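Same chain, two partners: chain A is paired with chain B first, then with chain C.
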Partner chain A sequence: MKHFTKLAAAALALSVLAGGAAADETEALFVPNLAYRTGPFAATGIPLMNGQRDYALMLNARDGGVGGIKLNFEECETGYNTQKGVECYEKTKGTAIVTQPWSTGITLQVLPKTNVDQIPILAPGYGFSPMADGKVFQWAYNMPGSYWDAASMILKYISDGNLDSLKGKTIAYLHLDHPFGKEPLPYLEKMAADHGFKLEPIPVGLKEMQNQSAQWLQIRRLRPDYVIMWGWGAMNAGAITEAVKTKFPMENFVGTWWSGHDADLNIVGDKGKGYKSISFSRPVLDAPIMADLKKYVYDKGDSLSNDEERSGVFYSRGLVISMILSEAIATAQEHFGKKDIGPADLRWGLENLNITDERLAELGMTGMVAPFKTTCGDHTGHSGGWILEWDGTKFVQASDHLMPDSEVIRPMEVEGAKAYAEANAPWPVNETCSAEAG
Partner chain B sequence: MFYRTAGQFKTTYRDDQALFPIRQDGVLVGIFLILAWAVLPFVASEFAFQTLLIPILIYSLAALGLNVLTGYAGQLSLGTAAFMGVGAYACYKMLTIMPWLDPVIAILLSGFFSAGIGVAFGIPSLRIKGFYLAIATLAAQFFLVWLFEKWAWLYNYNASGAIQVPNLTSVAAGGNYVAGPLASSLTQYYIVLGIVTLLTILTINLTRGTLGRTWKATRDMDFAAELIGINLMRSKLSAFAVSSYIVGVAGALFVFCWRGAAEPNLFDIPLSFSILFIAIIGGLGSILGNYLGAILIVGLPVVLNTVPPALGIPISSALVEHLNLMIVGGLIIFFLIVEPHGLARLWGLARQKLIVWPFPY
Partner chain C sequence: MFYDIFIAPFVDMVEAPDFLMQVLWEGLVSGILYALIALGFVLIFRSSRIFNFAQGIMVVFAALTLVGLYAMGVPAWICVILTLGVMFVLAVAIERIVLRPLVGQPDIILFMATIGITLFLIGFGEVIFGGENKVMITEELGIPTGSVLLEPFGGLLILEQKDITAVVVAALLVVGLLVFLNRTRMGRAIRALGDDPQAALSVGISIQTIWVLVWFIAGIIALVTGIAWGARAGVSFALEVIAYKALPVLMLGGLESIAGAIIGGLMIGILEKLFEIYWGQPLLGGNTETWFAFVLALIVLLFRPQGLFGEKIIERV
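For the complex of A and B:
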């Protein structure tokens, strides 16, 4: 009985404490994040989530939020599981002003619902590539770049800007057998047909992520000139160790932006030298923002991260992603002249985002992402990116700023969006803006 | 006191064989039916529909299908999720090829495809039993999921390899949307509830009739069943067919009336296992058990997830997830120790006690 009394007292004390905390949050913008810190993708998820979280905490501590209203940045655990993700979406959609689904599978699932629920989806650098067409996907945003952008930049890089030079070459496309990994296939297939190179898709099942010996045996037999990888979570480390084992020349191995995680390369260290990954963000450790983060978050012990993780590519990408969100909130607040904005207001903000070099300098994030601009018709912004190369201890920039081949991608996006809208008819389309104008 | 059976005399054989020989049982079922049909839909929130009511019903239906096979006919199956997948993909393809088809009809028809596949994979059961049969159904699980991935025709050559449910209206719902993003949860709930009720009534009657008795005889001792003149082939294959039909319909509902989209690995082995857990924890060879099991396995994690925030305990969502796994795992072990025959038996014992309470002698 005594124990129960104690327990009850403890519970009561806790709830009183929490009640006090909840009272502070009445005036706040609810920006949930469907995070995954558990499951097979946790290793790559955690640094991103930490970056996002730290940026939001920093804004709250330094500026009292955005435009004078705090951000209630809360995580809902999905474990990269689509069912859990939908559960989180249902749970948060009542009061949230945005959904950050953090998985292509969850994005595909909630994409049709956002039209009905009228909540913007923010899927920076992932999701369905045709989401770029804002005329059709009024509520979905994948700035600063889509997977087709990433594939295009990788091809541009390996061909030195002239895709015809790939004629007769073989490119193995090692990808996760999941909506995420299949996403760039239409673009790559089209490029292979147009420019005369041979594309060999090699799928890696979710169960085979850690043991890819069969796939790498196939790669050895094919002797491809390049391997392009669309890997995530445990698959990256599996592929990189296997590439080292089979002595595949690392300089011909290029990953997407979710395959450039420092911890995955740390496993092989020097032997991974030359491995490359495209990226729309890069870590700038001496950027003014890092000093602010240290002052307002790390020194207070509020961060869940550590120094090693903070110097990595993914952590800084998390910062960039939260920056995109907070800038969109600020844009919307300014336009509508109120601080307590709703989902529809935020949509306007996301649609009229203009991240210029000057703005990045003001934010103290110069060089962490390339400038970009969204419009009502173009929800991606197409910032372009850089190739980062592993030098044995860290990722360093290995190319100039690259831009995707928008002349080829834009018609594909419009076509893909149209097909999606037809398959999901009746699908409301925003007639007031033209996709081509983007 | 509440369950007094005194005074309820059976004067005809018909009365004696009634579905609910004790009046209170019938009243109880009636209360739950009224609750499900008339009360819950009007008090439930969108969140409750999407994370509790609809999934619990669909999972119970899938477990009911498995229970016919494993609980009544004694054939262990590990391929439930794959048969659900067959139902879902069949429904999707039927609606693509024949867009004029009513989705509710398509869902009910899709079960026949999985029944066919189920019978084909049930053929080994004529030669092998027990664990060996489980391995044969495991083969179905792996083969079918592989097929869903590789056969692009099944998902209409969609670039992402997933199936997307379009907006569909049905006459059964009075011309409202029953599938797709425009469908309201209330309509979907009623469609699911209607189909689940219908199939449950059918299954109850099947298991009480000749077929059910043949299955039970096969389960309890197959060669004795053969000696008394039961055709084992017919008994086992009919169990596979009925079971796969129900599971297939559950799969079609799963995708069309709940998820709205599905990728092949959704139908992978974890789903098979969670349905097997529902059937085992609920109670093999029982109809009621499927519902109790589904409430425990599907509902409990959702409730556990909402308890700490509701109490205002500030713990991170990742920790909640870890705790969740531990608590659900612990509860499964606890229930299996306390009552190895499942929640249905637990209810049975409670009911027995209630009948004699408060005078146990």
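For the complex of A and C:
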């Protein structure tokens, strides 16, 4: 009997503890991040994940979370592997209010699942460009810009705003041989046909990322006027070192926003001067948010980052991405009048975001991202961006604010979304929303 | 089509001989680095019949240790010595903790154990050094970083000094290794253990000592490979992926042959580059290096299952 009493007491204590833990869980919004801090892509993943994580930690420490409820910002390691990413999605979807797949390959895999599971995908600046069409992709968001936006802004920059000036020129498109690298091809091929320039796609296999001599020999033989790079992870450093080696003029070498990582350029230092990258975000080291991060996260020793990383482009972008998520949560909380929102509520928040200059100033993030607005029809927001240039030690702004060519991109997004829905029929469509209105 | 496959590539080669020389040079550099990785596999396989899946991560681990120690303020050449020390400790630990308890187990068990070593080193390396891309201490080690510009046939041939250094060092390493294996007592002991383990044990050769020694030599090769590859595009865990390119080298050259690893590496490095530039890119859209070496190795295996230089194993049943 005595033994039974002890067991009962232990069971009671455990149930109280478990109850407490359960209560804690309901007092936090579960916003998992399908991160990759390991594997061949870790070098570019880590600063982004650190920025995201630090912003969430700061909100929890400074404001008690968002709207009075903390963020449970848990990471599930994918190693940028699509199969592991899908496993992470399945593992976290139960109580999550959002999924952040962090890879175009994973995004494409979970895209159909989110219609069934009714959970929003947040893929800022990556994923499938036609996800912009919110009428078809009800649960997918890639604000503040798509890959087609990035390609459009790069072409605008190198042509000085007049794409017809590219007529007769050759552009080598050096890309990772992966869904991410192939994503801008439809847009670039259309622009090549419309404006008379020659596009030469040059794929880089995953095993060849650090050994691109064949690709750069091809570039040497082609003598292109420009090289546009869609690189990620170890591919960026591999390409930049080969460009230096083959003496390709750096000023004619432009990367996408995932190919502008300070650590990749540090490998070549001064020799990389003039290399450029489009970017939807900018580091602003004296922004008020940085002081709050220092006070609430860095000084407490809670950050996984370091000073050098915090001054870079990718860390700053991680902050912006978490800001987008927290603002969507706040928007949904305000609209629905409750702090404990669910995935469907967050979906409303994500498609009614309005990041204005005033709001950025309130957040202490002026200049870190351009203002943008989403609607039910436009899940991208198309904020535009800037060209950043490597000055030998860091990236500096090298252009005014650029905007993508929405007149060309929007019909392509709608057409691409329609084709996707037809290929994956029956595909649920939000009939109450007009994509064209986006 | 006939012209594109059988004529045009050779016309290109003749019309731009300087470019052909550049392609051959790049192939040679890649090939010698593939050969180095393959050598690590061969040495361990010869002496213990273990297919060491961990050779790739050993390259990463050695390079990360080197740059990690330098980041702590240790002088560059002391870092090299300390890294060699770390690789020796790793060799001892692998022999004591992983291999010794598995003596006598089937080969597949030992192979699985090396997968375990790989996973451990990935996790351990990431905890200690982090996953960020790091700059190899090329100049600090005295490796020249400029280019040599030549003008053969009125064209341009660019030779990176660090690539020249890699080729020279790799060649010296191979020569040193061959001398060690053929002219020293320990080297002959390694070969004896590979040729006939029972006979080697019966004359007093210590299997434990030999295993530590070959894993340490594989560690030295890993360090040299890590420095050479790291100098090209930084040090990160992506280097591990390159090690998989050594698999077709082994298939081609044979798992047991040091000459096979070297010749196989050079053959694959040069042929995959020639194929990519003159056939792959114009006719197949490029990126043929991903599969070319495996197809070549497969063709060789069809005719010589033991590889070009491997020994035919006949087992009595």
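A few remarks follow.
Following the convention adopted for this analysis, the second predicted complex is superposed on the first by the 412 of 438 C-alpha atoms of A that agree within 3 Å, B and C clash if a C-alpha of one lies under 4 Å from a C-alpha of the other, contacts with A are read in each partner's own complex, and residues count from 1 in each chain.
Quick note on the criterion: a residue touches a chain if its C-beta (ideal position, glycine included) is under 8 Å from a C-beta of that chain, and two chains touch if they have at least 3 such contacts.
Everything quoted here is computed from the prediction, not taken from an experiment.
By the document's definition of touching, of the two partners only chain C reaches A:K247; chain B does not.
Once chain A of one complex is fitted onto chain A of the other, the partner contacts of A:N266 are limited to chain C, with no touch recorded for chain B. Legend: residue contacts after superposition of the two complexes on their common chain; A:R37 is shown touching both chain B and chain C. Once chain A of one complex is fitted onto chain A of the other, the partner contacts of A:A421 are absent, as it touches neither chain B nor chain C.
By the touch criterion stated above, A:L206 is placed in contact with chain B and with chain C alike. Contacts of A:A237 after superposition on the shared chain: chain C is touched, whereas chain B is not. Legend: residue contacts after superposition of the two complexes on their common chain; A:A214 is shown touching chain C, with no touch to chain B. Touch criterion not met for A:I409: it reaches neither chain B nor chain C. In the superposition on chain A, contact of A:V98 is made with neither chain B nor chain C. Note: residues 37-38, 177, 203, 205-206 of chain A belong to the chain B contact set and to the chain C contact set alike, using the contact criterion stated above.
Against chain C, in their complex, chain A makes its touches with residues 37-47, 177, 201-211, 213-215, 217-218, 220-221, 233-234, 237-238, 241-242, 245-247, 263-264, 266-267, 309.
In the complex of the two chains, the chain C residues touching chain A come out as 16, 19, 22-23, 26, 29-30, 122, 126, 130-133, 135, 147, 158, 160, 229, 232-234, 236-242, 244-245, 272-273, 276-277, 280-281, 285-287, 289-290.
Listed in rising order, the residues of chain A touching chain B in the complex are 11, 14-15, 17-19, 21-22, 35, 37-38, 74-77, 79, 82-83, 86-87, 90-91, 94, 104-105, 108-109, 112-113, 115-116, 128, 177-179, 182-183, 185-186, 203, 205-206, 416, 423-426. Put simply, chain B touches chain A in their complex at residues 46-47, 50-51, 149, 159-162, 164, 166-167, 180-182, 259-261, 263, 265-266, 268, 302, 305-306, 311-314, 316-318, 320-322.
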